[in-house]
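Below you'll find a set of structures to go through.
Note that chain A is present in both complexes that follow, paired respectively with chain B and with chain C.
Now for the complex of A and B:
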């Protein structure tokens, strides 16, 4: 190619996101009624109707081939559309523009655009759409619930309120395999400290009997969940990608209050509410907490979500939404939980440092890997940097992440245990292993390594990192 | 109210005729014997011991009024003091001359205040001028002076348990000089001074014998001083001051028991508790000197429990003259006719009735409701005799309340108290296993062994008497049940005690019953339920209701590293033949496994390629091991070979490689 030619890379981005129900406007001229939410909102009405109509048609059309599994995505040169029907007749559609390369031409000619149609994965963005719904459901309950409570108007209102903000937090360019897993990172902990946490949770639940469920996290990693797995999965997502990052930034900036000297007596502690009142002493303080919906054996229940944090330890207390939370309750909780949680946080920190020192450097990750267990949703990644509010950084090239995603798709196709070894360009080897319900992806950068050496390296990794689980070589 | 009496008198008192002009009554603390001497012994002497069998009756000549009468240890020799100068002896050993013999005290002009037997044939005379230590030769009817010590004596006390005599000396009587006797030797211990509340002027005897008692508490000898309140000194109420008298070294004031009242008191020691009887209020107090962490040289104690009377007592009217229908007469407690002896004897002479002698006993069940602080209650109970069932019932009762406010921290405290003692026991057992098996035994060897004085509530006690029934109780929230079980496991772990499998089983059972599989999963994930084969098998059995249990179980078996056979069985049972083969290879056990088992499983899957692969793998193994791909007859693989030929033909069999 000629020198002087400039290239500009564009990552995938959100083109539009809409929710509709075809049964709401079945007659001609009423099509607009089908649309419950449309982003971006400034699109002309007829175009909205046209786009919804197209999706409806595609789904209808593909249904004739497989009534139970209609189309999930539509690949086009410029973009990709994802369809998801979370509740009967309610459709969520997300349109993502394919990544592209813009080549500037000399002589003032318009730039040439090259779309990279094959660079994005259905599994990743399909999972993103499902996550959008789960997140909505966590804070609002099902679509049907809103309909029952206040008709279409209510639903539209809720969707507008939720997705307007939520879509801004979607970072489609950094979505990858971890979004497919939607896993939970567990904090490694010795038995005794774990039992102390159990004891703490049980005592708090006993003295504040309003509390129905408790979850306990340290360093943004889960230690205990009283909620069921699926609810915890989405709550964890919310906490670690939205709530905690929002609060950790002021902490990092050094604006976090030190010990609170205003606390009476000598019960100094670092505890504070991340949801609800920021300052208990404020006479104007409002004792309102976000409400969440979790599943029960016969439906769902609505709960107040109290997130209380002391140093790196965070406890989520969930209380039936039918109870009104008062200043007295919050003060009692603060007085009871604050000192204990502060103590526990320093215990955990101490124990963690001891364990790290004992296990020594050989346990330190020398490999870049992602591990996921479908059974308990445990995930572990040495590829991803600490998540911040804005972006999730990976330390490897997107091309490699794409290979991981491809291997994952292969694994999803069959039930049996498998192992896939890929030689990527640029000297990298990518290994994917699946044993029972567990998946492991390793990225190796060994110059001139052969297959046998790569295999040995992965074996070594398994022996050091996963020696306490049944993970077949 | 009636179940609040925590002190009681023993059921069968020793009864004897009241003292009168013709009947003298003596009590010997050493042998706990009551002597009723009628007419100076001429019309009979009746000796009643602590139990009915040890009664002795005999006659002796009336040689004047008896001042003191005591048997030597084992009822071998009787000593009788009739005059101020001498003591008479009568042999009670068969084959020894029975005629009396006499020993006068050696010190001139001294008066014998009394005497104490320190052995079956060793006796100490205490005179107002000192002590004389004799050996008695019953066959020769004579005594030999072993040692003597001259010292002015006001009065004396004797502690038979430790063979220590305490002498009151000096004009005020408050300097006490103890002597200890052992196998014919007499040693002087360091003397000490009792601080008197008021020093009288001019000096006169000011420390009464009645206000001093000796007793062993938790294996240590103490001198107890009943310090009355005095208006002049700064002591608004009476207190008991305990001086610790060690074998060696100086005696130290170590405990002060606050009585918070004034009046007449008497002391007993029961089960290492100091019992203080208060006559005017007719109540008693108990003190446990170990209930408080030591905080300095002198520790001040408050009563463990609120003051209560001894349990009302009715004397069953004895004797054949009594009509059976006549109700027993209630006994006046704390009467002025009561005499209290160490460590736990109370003698009451009441008019018109026989004199009775009881042991004082502590009843533990009533203490449970009187001592609200459960942690303190455990400390208290654990140091008592026969406390095990009481403690277990306290635990059951405590859990019955369910998840009331603030109950769990109490439960945790109680568990920690129990397990602390349990841990100490386990450690002692480990360092000296023999001591535990034989229990407290006689002989010199037993003395070197650690003596387990405290009760131990181990896991099986807790499981059998408390936890298993508690988890089945209806109406208790499962949240509380699980919290309690986890608390117990936490406490055991905290004391590094290995948790028994049945506790884990109880946890799992409870979780499964309430469909709390995700909780179970998390516990296992953090290894709260320790790995074991039985636990892994239990998990396997849960697979049908909770599929992830399969993975949890396999992981556990893997970690055990002794369960490779089980892992193969599990995999084969799930028709994961290839996985089983890969696993057995990875642990290097491919050469030893039974080919038949794998071939059976492969054949059962109906997957021909799988069968081919497995068959081939074993043929290759045979080749490697024995130089031939054929199976040994002992492996019983004939039908599989046949099956293979049927499917793939003769020519597919691996041929023996030719050299």
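Now for the complex of A and C:
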């Protein structure tokens, strides 16, 4: 290879994202009516129509061979397109450009581009599209609901408003296996503290009978939730990747920092609203909270979402949207929850520190792992650093993460217990175990180990981390 | 043994080291080490693994599997060989030759009447379609081309639509079903699969089908036809040859050789094989390029002109041609065949005959001259005469009685089956299917498992050194080093410890048996 050659690496990125309904513009010349949302918006009209047309053709063509299973993705040299039909005839399409390497040529010739076609995992980005819809639905309800409420115009408006902002928060280059799971990280807790939290939730729900559901989190990890699993899963995603990171703890900020809210006259506790009014004392304060939609037995219900936080403890209270929330209610909640939550937060923190001390000081282990349980959506990862609003940092090479993804695809094919152990070209060992509804992935940095030693190491890990879970040996 | 002497030894090519791998660790060469350091059996440098030939190899196998999918390389290769062959092959493509070819095909009728809108048609495990760039149907595995002309029209429309955006369509994925596209101008090939095979594996299969068609017509001819008349109905030229493609597809589902880019040999004591080889070698002729002796799907020996190599794809196409037709049993066959990996521009002429009417032994003599039939016929007589005087002939006929071996002979408990490929010789060995895999269905399932392992190990961007999977029906271990590829299938009772130790044990056994299982002394004229 020529020494002077310059190379530039590009990560996968969002090329376009659109939503259409083929039944909205069935006649020729009316194709534009099918398109409900299109990003980027400055694409020329005919180009939009052509791209939607291709998707329609792909979906239709695939039906020739599998009438019941719709097309999910299209692979091309330059990009991948993901199709998702969340409601009948409504299609969401996401186009992601393959990562590429640009090689600069001498003599002013245009650079040569080499697309890396095998880097993107369908399962990961398919999950991202589904997540986009779930997030829309959490804050807006279904597409059909918007249609019923205000026709196509209303739907178009809602889509525009939601996705314009949401798409900017997609960080496609750092999506991985965790997006496939869409799990919830639970906070490990002793029984006594857990009971304290439960009784706190009961007390609050008892005194503020408007509250329909409550969820309790500590340190961005879930402890208690009264919601259905699927609703909690997406709410959890919103809280941990969007809301919490935007409100980094003011307790940690300096006294003069603008982050520090007006806490004057309220020195009894550290509680504050993350949604709704920032300062209760402000006479101008508005008592409006974001609305969310959760499923019920016969459809969905609309709720106010109140997120209230004291130090590292956060409580979400959900109240029927038909009720108007007043200053009086918020003051009552603040007065009741604030002091208790502050106390609980320090209790949990203390307990947590004691437990940590017992289990010994943390040292860099020989292995990293991801665990996921399909039954309760519990997930645990020592590969990922703390999530922030923008990126999800991992501590292992992206190729190893993709190998985990490959193994996960293999597991998804058959409903059987299975174990896979592979040795990568970099001599890392990767182990995947599927047992019942649980999946465990371990990356070992023991280059000279053999199959038996790797097996022993994983056994040891299971014994220390998951001593009460049975894994097929 | 010192490092420098090893390097010197390796530089002679794939010649076998005087020290065997058992003697201890021969450090891998620098360039190999950088790719695959710390191989589990450190002594096995490419060219010293069990099964590696003592002379230079018989096949082109530079990248073996990989060159199937790399277009760029493909193009340069064919260009080179085109130039190279210009002198050697005075034969140019003639329509006549094609017709001759087609007439040779027995018109075995296919029962293809099938309702293409039925569930039964849809649920075939693997569909393959070939069409022209004008969207005209050329081949379908199931149903008739006529009934599918609109479907194929849509396929072509999708290909051109994406192409118009300076992009290339690769595949469509639905749950449990995928469609892969391969454009090899002037043809477009489409595969629809309900198997778990990776895109890359399916493309490899389409590539085989493409080469199958080229082997009947030559690429030059194919290009010429479509340049002349874009709308040409190629079925007119291919009529009666569909069974070759049908058969090749069947092989692709079942023959590990096509998966491994390798061929397997008839187990034969090396003394006997050497005698057979030299009999073939002795029957020279000016235009004779390859003499091949087959026993069913197994290679007995192959003798080639110096500096001419046969690519394993070409050899599999020859296997397919011979195995697909019973007409060669009736006498001496003389048929033009293009060996696309050798040269896509011209025809060779193959003399195909069985040594004895009822024998499995089939002799293929490949000549560059279309008027060479009598010369080839004469060569065959010379080979037969020479062979029949030797006891090796009898030994070979006896070997035909048991063309395979049982896995029990290896002596590894719980081992059910395995595939072992020597990379430098391009040959593989594998025992017969055990009791548990007797039905066609079970054998195809096992092949499916091997295909899985293969695609994991040879992932285009994340290749692996080893892969172990423990499931409810079997435990599998696959390993690849610079010298060999190994796929082991254990019963579900096999432990990891067992699997771990099995590799060394099996390599030892193969080393012990390599004289019999592989062709160690390939000859040239």
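One rule holds in what follows: the second predicted complex is superposed on the first by the 448 of 473 C-alpha atoms of A that agree within 3 Å, B and C clash if a C-alpha of one lies under 4 Å from a C-alpha of the other, contacts with A are read in each partner's own complex, and residues count from 1 in each chain.
Criterion: contacts are C-beta pairs under 8 Å (C-beta built on N, C-alpha and C of every residue); 3 or more make two chains touch, one makes a residue touch a chain.
Small disclaimer: the values here were computed from a predicted structure and weren't measured.
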item	value
Superposition on chain A - do chain B and chain C clash or fit	fit
Residue contacts on chain A - larger count, chain B or chain C	C
Contacts of A:229 with chain B and chain C, given as first, second, both or neither	first
Partner chain(s) touched by A:417 [first = chain B, second = chain C, both, neither]	both
Chain B versus chain C as contact partner of A:118, first or second or both or neither	second
Partner chain(s) touched by A:403 [first = chain B, second = chain C, both, neither]	second
Shortest span in Å between Cα atoms of chain B and of chain C, once chain A is used as the common reference	6
Chain B and chain C contact sites that coincide on chain A, given as residue numbers	417
List of chain A residues in touch with chain B within their complex	186, 189, 191-192, 194-196, 198-199, 202-203, 205-207, 209, 223-226, 228-229, 373, 375-376, 378, 417, 436-438, 468-470, 472-473
In the complex with chain A, residue positions of chain B that touch it	403, 405-409, 412, 479-480, 482-483, 486-487, 489-490, 493-494, 518-519, 521-522, 525-528, 548, 551-552, 554-555, 557-559, 567, 579, 582-583, 586
Contact set on chain C toward chain A in their complex	35-38, 40, 122, 127, 151, 154-155, 157-158, 161-162, 167-177, 179, 192, 196, 199, 452, 456, 459-472, 496-497, 499-500
Residues of chain A touching chain C in the complex	54, 57-58, 61-62, 64-67, 69-79, 116-119, 122, 399, 402-403, 406, 410, 413-414, 416-425, 427, 447-448, 450-452, 455
